[in-house]
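Next up: some structures, all given as structure tokens.
Shared between the two complexes below is chain A, which pairs with chain B and chain C, respectively.
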Partner chain A sequence: MPTWPEKRSVLGRRVRRADGPLKVTGAAKYTSDVQPAGCLYGMILRSKWPAARVTEIDLSEAARSPGIKAAILVRDGERRVRYYGEELAAVAGTTKQACLDALRKIAVRAQRLPFVVKETDGIKPDAPRVWEEAPNLSKPQVTERGQVEQAFAEADVVVEGTYSTQIEIHHCLESHGNAAVWNGDELTVWSSTQGVFSVREGLAGNLGVDQSKVRVISEFMGGGFGSKFGPGVEGAIVARLAKEANAPVKLMLSRFEESLAVGNRPSSIQKVRLGATRAGKLVAYELDSYGTAGVGSGAATEGGGGGAEFPAPYIYAIPNTRVQHRGVALNAGAARAFRAPGHPQASFGIESILDELAVKLGLDPVELRLLNDPSEIRQREYRLGRDRFGWREKYRSPGSSPGPVKVGVGCAGATWGGGGGGTRAQAQINPDGSVEIRCGTQDLGTGTRTVMAMVAAEVFGLPPEAIRARLGDTAYPPSGGSGGSTTAASVSPAVYDACEKALTELKQRTGLEDVRGENWKPACRKLGLEPLVVSGQWQKGLSSSGVGGVQFAEVEVDIETGLVRVRKITCVQDCGLIVSRLTCESQVNGGIIMGIGYALYEDRVMDAGTGVVLNPNLETYKLPGIADIPEIDVVLVDMPERGVIGIGEPVTIPTASAIANAVANALGVRISSLPITPDKVLAALGQVKEVTA
Partner chain B sequence: MKQSTSPPGDPLSVSRRSFLKNLGTTAAAGAVSAAEGIAQESARAGAEAVQGPDAVPITLRVNGETRPLTLEPRVTLLDALRDHAGLTGAKEVCDRGTCGACTVLLDGEPVYACMMLAIQAQGREITTVEGLARNGNLTALQEAFVDKDASMCGYCTPGFVMSLTALLRRNPHPTPADIHHACAGNLCRCGTQPRIVQAALQASGVEVLSRTEVISYAHLA
Partner chain C sequence: MNRFRYANATSTESARELVGANGVYLAGGNDLLGLLKESIAEPGILVNLRSVPGLDQIEPGDAKWGLGAGVTVAQIEDHPGLRQAFPGLHEAAAEIASRQIRNVATLGGNLAQHSRCWYYRHRDIYCLKKGGDTCHARDGENKFHSIFSGNPCISPMVSSLAVILTALDATVVVQREGETVTLTMTDLYQRAWDNPTLHHSLDRSDIILRVEIPTRWSRSTYLQVAEKAAFDWATVSCAAAVRVADGRIQEARVVLGSVAPVPYQVAAANRLLQGQTWSDALGGSVAERLLRDATPFAHNGHKVPIARALMQRALRHVS
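Let's look at the complex of A and B:
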């Protein structure tokens, strides 16, 4: 089994992002920037009804509209639409303005149907059915271990609570979209995607063409967070428009469309019961949870959450547990994978009730976790983080902070996989000594290019900037989608393998023993006219999976305005062998900041009366702004012997839980639904009998 | 009352904004004459040739170059830059003046290019992110962005770079609060904000060290 070199000169260093200069100068070309010669613009007409039977769509006037080169139906014949924003028809035209005009000329005949968009309405037996053939609420998925009722009966203390999490929208800054160019029966698609190969597979299947005839390119992409694996309906549409118009077509969704139809994090409404001994040892746990994945829940997901389920009781070992998950279908856009699917919801429920238990038992929340968390890694992280954060000095009994701006602290832990596999890479060594590394992966902004260059640089004894890393193209050796925090752990071993083999072959072909570093160029010159091209693949031993992380939050809450401000987050996180330290740190910051958004600001709001999304834009769907960012203190726990493990997802999981616990600690009253907005804070304070001010 | 300075026969020089501004001036001039003034102004504006709806020739000054373009008057400056002038550095994210990804400089001032029409930007000096680096040499701010890893996916980066370029030109030694204020109209989804602040400080000559630490697992008690 291969291993990483004991002594590393490049890996683990802070190396400038390989494509940094392209990004700061505007030279990086994203899918939205691609403009093939003669390229048309595509746009989609969407349902303005949350539920309807569409009987006729007349495209004739739109097709005759000035500048319009193609107009198509998404689906032929009579059909149902099940959410506000579902795709109906599409046009391609010479300008965006021409497309906007044409969309207004499409006549749709439809019969409105009853709809339901709120979880609490959707579970009612007489609620309108989203999927005709099945009730909205799925059959429960139940797992039971031990003797739950007996354990609760014997527990010294039992706490109960209901915790809910909202629908979060990905809002990648580059919207979903593609540019499609047909050349005969071959299709080239620029795609803003997390998986060039999964987009190719999806498109080929959808269009009924061989995968070998579809090429997908994603050199730069503006964020995915789980929502950009497949081509989507919009991907199939743009390929059809390009065929119909016999011209290249680019179709990027608007921010409005991003809010309706391309994924979200499912909600959860979690009824939790927790039993423990007087000393704080957890003995019994019960969860009854339901949530919605929009139209993604329902008929297709009988007996489960349909994407709304999550691991429970998450990271804690409790001998007696009963867990029940259900999904409720609603007339709203379907959920998709979202950075650590299920985990932030799981974390919020269990970490919230753990702190309730700590209050009831008069225990320090960190001590309670040390008593019940079976992970040795997190045990050590909690101890380190507690000192670094100053927990002992900062923690005081709930609600005892003086004055109108209350300060509180909270903590939470998390786990994630992040292992690798299924990736090939190619190293090309040119006679002039230049090096190209090719891999059909993609860089979501996580730093994959930099990781590839650093691994090759380590093997060849070269500076990372001497390596040209090429990715984001199905013409390169295949790799998987960038999801599950698997990219670094998949790509690094494959590049390492290719480079190690290339090094061996270079030595053989040149007859030289030492070709690394300063010997590199002279050795490469001996290749003559023929570059060296060597393939490698992911190997066991260079990566592993399973990480633990803990976070501490310090917040201040203004009890007059209800506004919560996060002062500080301390994060202690392991990720195996650190490959690219600078981009790794950035990902940790990013996960935490996304967690702050989940904790305090983000929420897709549906209108029960009209069935529409009320905040389909970025001024009413709130993201954290630059002034909302607290001091972030990060400790990366280095475990090189474990190989490479991904870090993108685990770092976003515990942030919201830690913040919610800190808010509860500050106020002495818990806001048990995310996001913790000022109105909820003020409402919760209304229940407090005495407020010191 | 401010008189229109547009030469006769140059219908493009009265932008909607200056028209409205003039209306405001007129109204403020006095309540009695206000209605009369508005009527006069409206009559004058109405006498100008109506623009569009078809494409019209316009000229933009972008990054020191003159760009003759033909586009419909309803085309935004952002679409003109991206779709007509081939300058795709400014990005469309929200298309309604929220996120700042389309920020460009107009006579040195940061503006949302999605919030104004291209025809309004005529006669102004437009700077996009492509116009900052000279002969391949990044500006100090751009270098600092790369050093501090202030971009991840990079889609918001051009907007932040433009907002901060404008800040540093008018205030070479900003405080973190100044930086927050300058970037209050820019959004990032990847979470680069801490490092954007660091980059801006570095570009102003303040060295900021990352506090992030790597600690070996074996050294954790």
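Let's look at the complex of A and C:
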């Protein structure tokens, strides 16, 4: 089995992002910047009804509208729409205004149907059915281990609570979208995607053309977080529009559309019961949870947990458990994978009730976790983090800090896979000594280019700037989608393998023993006219999976205004061999910031009366801004012997739980639903009078 | 967005002529462009006021300052003399949106901005304020709505500048039907208290020329609570101004924003402070009086304690 070099001169260092200058100068071309000659704009007509039977869509007037080159139906014939924002038709035109004008000329005949958009309404037996053939609430998915009732009966203490998490929207900085160009029967698509190959497969299947005739390019992209694996309805539409118009078409969704139809994190309403011994050893656990994945719940996912399930009791070893998940279908956009799917919800429920138990038993929350967390890695991390954060000095009994601004601390842990596989890469060494590394992966902004260059630089004894890393194109050797934190762990070994083989071949071809570093250029010159092109692939032994991480949060809460401010987050995270320290730390910062959004700000608000998303913009869907970001202390536990493991997802999991626990510690009362906004804080403090409508 | 014409006005008269029966004035565009993009405003013509000379002056004075309607929020924020004379005005300006928005947002546009109610701002919702027959917020998602209202619409007035300018007893000079009229800040919003379809008391062709602020105040301040630390709308805002002599409050104004269709003040609450020295107990009675008529809805009851806290803090600060 191959191994990483014992002595590393590039790997693990802080190296400037390979594409940093291109990005800050605007030279990097994202899909939204791509403008093929003669490119038209595409736009989508969406349902204005949360539920309706659409009997007729008349495109004739729109098709004749000035500047319009194509007008298509998303689906022929009579159809049902199940949420506000579902795609109905699309146009392509010479200007955005031409498209806007044309969309208004599309006549839709529809019969409104009753709808339901709130979880608590959707579960009622008489609620309107989202899927006419089956109830909104899915069949429960139940798993049971041990003797739950007996264990509860014998437990010294039992705590109970209901914890809920909101719908979170991905809101990638670059919206979903594609630009499509047909050349005869060959299609080239620039796509803002997490998987150039999965978009190619999706499009080829959808359009009925050979995969070999579809090329997908995603040189630079502005974030996906799980919502950008396939071409989506909008991807298929843009290809059809381009065919019909016989011209290139670009279709980028608006922020408004991002809020409706391209994914979200399912909500959860978790009833939890936890039993323990007096010493704090967990003995029994029960969860009854439901949540919504929008139209992706209920009948559509019969047999599963309804699209809203998550691991429980998450990272803790409890001998007796009963877990029940259900999903409720609502007239709202479907969920999609979202950075660590299921885990933040899982973490919030269990970490909240654990702290309730700690309070009841008078135990230090960190001690309680050390007692029950089976992971050796997290045990180490808790000990390390506790000292670094100053936990012992900062932790006081709940609600006991003086004055109107209360201070509190909390902690939480997380796990994730993040292993690699299924990737090929190619190294080309040119006679002038320049190096190109090619891999059909994509850089979501996470630093994949930098990682590729650093691995090659390590092998060749060159500075990373000397390596040209090329990615984001199905013309390059195949790699998988960038999801599950698998990219670095897939790509690094493949690049390493290609480079190692290239190095061997270079030695053979030149007859030189040492070709690295300063011998590089003279050696390459000996290649004459023929560059060296060598392929490699992911190899066992260079990556592994399974990481642990813990986070500590310190917050202050103004009990007169209900405002929560995070003062500090300390994160201790393992990720195997650190390839690129700087971009790795960026991932941690980003994950924590996203977790702060989940904890305090983000929430998709549905209106029960009209069925629309009420906050389809970044003004009222609140993302943390720079003024909301605390000091973030990142400690990476380097374990090079494990090989490369991904880090994108685990670091966003425990943040909200740690913050919620810190708020509860500050106040002495718990806000058990996310996000923790001033209205909920003041209500929990008994400051808000109940209103009887 | 509909198609519209665009014209640069060269004088207030030409602006009024151009705006006609279906036009709107354009200043910084921060408010208006949002409405246009969502097809909530569909004017026939946009009449640019920024091309009218003379609307962007800041004029200091002994008895009062004059601020042209075209002065930007950033100019207000940055002006050292204004900051010294009216600290609360500086504080309010500095809290508004982001620096990018403040660079183009004008005083006139800020005062005349429309409702931010998320039902009103939604392209496919037709509510009372748009001429429909229901208010969706009353029984719906009303977390950001009013706790006082004189009409069925509960969309609050959210201009931060209006809150502090009301506390400072500013007046607004308006070009109306070829005449120049002076309105109090209360006048400027009174019709929105009474009429659910209005955002303020201005008619379509009225032009705000300038705002005049009396200098008699010893101190002023502006505070707000917003969910985010920057670039967020206030959940509740509060401005206070006092004239202090011989160690006693001679005159005071406490005004709340984002709680009513107008900058909300109660004369009787202000009077409680007259002739007094500050104490928390006095603050308590003022709060009691100011918030007495609050009628919160299902999701905005928190505005009451927040208003109480802000009001106390603002008054403590200036007294």
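Note that in this section the second predicted complex is superposed on the first by the 686 of 693 C-alpha atoms of A that agree within 3 Å, B and C clash if a C-alpha of one lies under 4 Å from a C-alpha of the other, contacts with A are read in each partner's own complex, and residues count from 1 in each chain.
The rule is short, and it goes like this: a residue touches a chain if its C-beta (ideal position, glycine included) is under 8 Å from a C-beta of that chain, and two chains touch if they have at least 3 such contacts.
Values in this document were obtained by computation on a predicted structure and should not be read as measured data.
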Original post:
Now for A:N589: first (chain B), second (chain C), both, or neither, which partner does it touch?
Top reply: first
Original post:
Is A:K48 touching the first partner chain B, the second partner chain C, both, or neither of them?
Top reply: second
**OP:** Would you check which partner chain A:G625 touches, where first means chain B only, second means chain C only, and both and neither mean what they say?
**Re:** both
Subject >> Which superposed partner A:D58 touches (first chain B, second chain C, both, neither) >> reply: neither
**OP:** Please work out whether A:M221 is in contact with chain B alone, chain C alone, both, or neither, and reply first, second, both or neither.
**Re:** first
**OP:** Check the residue A:G609 against both partner chains and state whether it touches chain B (first), chain C (second), both, or neither.
**Re:** second
**OP:** Please indicate which partner A:L563 is in contact with in the superposed arrangement: first for chain B, second for chain C, both, or neither.
**Re:** second
**OP:** Scan A:Y601 for contacts with chain B and chain C and give back first, second, both or neither.
**Re:** second
**OP:** Go through the superposed model and pick first if A:Q35 touches only chain B, second if only chain C, both, or neither.
**Re:** first
Original post:
Who touches more of chain A, chain B or chain C?
Top reply: B
**OP:** Return the residues of chain A at which the contacts from chain B and from chain C coincide.
**Re:** 97, 619, 624-627
**OP:** Please name which positions on chain C make contact with chain A in the complex.
**Re:** 1, 3, 118-119, 122-125, 136, 139-141, 143, 225, 227-233, 235, 296-302, 304-306, 308-310
Subject >> Touch list for chain B against partner chain A, complex >> reply: 72, 74-75, 79, 82-83, 86-96, 98-99, 101, 128-130, 132-133, 138, 142, 145-147, 149, 151-158, 161, 179-181, 183-184, 186-197, 210-217, 220-221
Original post:
Of all residues in chain A, which touch chain B in the complex?
Top reply: 12, 14, 16-17, 19-30, 32-33, 35, 95-97, 171-175, 220-223, 225, 252, 254-255, 377, 380-381, 383-384, 444-447, 574, 578, 581-583, 585-594, 617-619, 623-627, 629, 632-639
Subject >> Of all residues in chain A, those that touch chain C in their complex >> reply: 48, 84, 97, 100-101, 256, 560-563, 565, 600-601, 605, 607-610, 612, 614-616, 619-620, 622, 624-628, 677-679, 682-683, 687-691, 693
